[in-house]
Amino acid sequence: MIRLFVTGGTFDKTYDEIRGALAFEETHVPEMLRLGRSQVEVSVRTLMMVDSLDMTDADREVIARNCAQCVESRIVVTHGTDTMVETARAIANAVKDKTVVVTGAMIPYAFGSSDGLFNLGSALSFAQTLPPGVYVAMNGQAFEWDKVRKNHDTGSFEPLA
Amino acid sequence: MIRLFVTGGTFDKTYDEIRGALAFEETHVPEMLRLGRSQVEVSVRTLMMVDSLDMTDADREVIARNCAQCVESRIVVTHGTDTMVETARAIANAVKDKTVVVTGAMIPYAFGSSDGLFNLGSALSFAQTLPPGVYVAMNGQAFEWDKVRKNHDTGSFEPLA
Amino acid sequence: MIRLFVTGGTFDKTYDEIRGALAFEETHVPEMLRLGRSQVEVSVRTLMMVDSLDMTDADREVIARNCAQCVESRIVVTHGTDTMVETARAIANAVKDKTVVVTGAMIPYAFGSSDGLFNLGSALSFAQTLPPGVYVAMNGQAFEWDKVRKNHDTGSFEPLA
Amino acid sequence: MIRLFVTGGTFDKTYDEIRGALAFEETHVPEMLRLGRSQVEVSVRTLMMVDSLDMTDADREVIARNCAQCVESRIVVTHGTDTMVETARAIANAVKDKTVVVTGAMIPYAFGSSDGLFNLGSALSFAQTLPPGVYVAMNGQAFEWDKVRKNHDTGSFEPLA
């Protein structure tokens, strides 16, 4: 059984057609698991629905505590890409002996052209096979949390030199 | 570097609008890797484009030989689901000391509602992390090739009792 | 109020993932009207779900009689493209003083890349504005039924010389 | 031949994955016409790419003058929904003896779930069949420009009482 914590981010942004702006509503994760015909046992819980640029230290503490306290030892966290590494650090400080994979998307799933479905399949697979530790999994790659940074010019994640 | 061999299957079926029927044209794998913004180094080669029900022993030999002879030690094979296990067996007989992940889809990628993108992200991740062996990876799960069968009533893969 | 009769055709083909083949299930028309946020009052009725190559004279009689007998004077018929013109002729023989627009698609709506949504918006608009008569509306154009043919090489409809 | 003027609006909003925000890039109209397999002769010209809430009187003058001066007598204008009616009024003041259809979308085409493709098929059809005048065409309906308003609570267009 894998625990999946939803925190928002581009992954789950949707389009509010009354206001003509991006917004958060319900998470798309259950729909994505259906679309992927996932046979993995996953228990989904939404912790918050925020843009990761708006995430506070208190929010990170909530995420880390949930990872530490849940019974599952294999965890996926969906998260905005901008501060994914900061949250991974907070989790690493709080969680031992569990495999935690933080993932997200560059394009909202609600857009047809999202990388979210690819990343979700990838993150669930890394969560089943990687040894205990905290990882950032984006675009087919998994990095240990303290060996990666987001390149804000290209939008992609790259190993720390 | 991961080697990806394309063999056809539902994964790559498309709709021929002149004939009004399913058909094979070019593989969608490179487009899917772009959509997933994959950062994994992948070398794609199309070996054949066939429905797996039409695949012959000679076809399986071609696939197994390519897996054995390529320089890469981590390999993904896209394949029709109906005879995926038979091909995995042929590969297992020919290949030692490599991680080979056979994957596919229940719905063509060309249909909006495909599980193919999810499975491709999953298969590339399993190929990076699983120890040497031949695996069938479908819908978020990876099975050793000799411990799985396709349930033809439900369409899903399940462990051998 | 517009009456919309569903008869099948490529427009409504779907992918049967157990059999790995094209199939007909329920019509997608109500979902397409929701997606288009259609505000047109439309009453949908499925008459049959067949490939138009399999349509018989008896089937055409059913369609023509329904067009003649319904209370609405503005009608859209979804239909396979291969014998669209034959059915339009049967309707023209049976129906006077109504605007009947026969439409379809080259690609199933269930495929992300369908022309069906474009054609549905077009057909509903032609049905509101064209004078009584029987028309074939495909790909943005409306033709009087006796002045059009399908070019089976290109798949598109063109005026009779 | 139909002239199609692009002005931006939700219809053409896209997602800027570096900034994580909605943005305007190139228009999607040519791609949408290809997807709809449109056989209508359409000449597309982008006049501006703006949110209609940011549209100025000077912008409206540019649109109206282009409608008046082009050689085509049948015109479609893509536009944001919030001030669609104001622009239709400006066009009506400047253009006589032409059929001008202003259309848009509630959801960006770049989102899989857009009403834009449906509206584009509809607007091109109304432009071919309606008598001279300026119309707002949304969600399957066409309104004379001075007999419609946008309901900002529901997001839909409705006849003036």
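Per-chain residue numbering starts at 1, and chain names A, B, C and D are given in the order in which the chains are listed.
Note that in this section contacts are C-beta pairs under 8 Å (C-beta built on N, C-alpha and C of every residue); 3 or more make two chains touch, one makes a residue touch a chain.
This one's a predicted model, so the numbers in the text were calculated from it and none came from an experiment.
Touch-path distance (fewest steps) from chain A to chain C is 2.
With contact taken as defined at the outset, there is no chain that touches chain C as well as chain D. Within the list B-C, A-B or A-D, C-D finds its counterpart interface, over half of the contact pairs alike by residue number, in A-B.
Chain centres were defined as the mean of their Cα atoms; on that basis the chain farthest from chain C turns out to be A.
Centre to centre, using the average C-alpha position, chain B and chain D are separated by 44 Å. Note on chain placement: the centre of chain A and the centre of chain B lie 26 Å apart, centres being C-alpha means. For the pair chain B and chain C, the distance between mean C-alpha positions equals 38 Å.
The set of chain C residues touching two or more other chains comprises 106, 112-113. Those residues of chain D whose C-beta lies close enough to touch chain C in the complex are 32, 35-40, 106, 112-115, 117-126, 128-130, 137-142, 156-157. Across the complex, chain A is touched by residues 10, 15, 17-18, 20-22, 51, 53, 80, 82, 106-108, 110-113, 152-155 of chain D.
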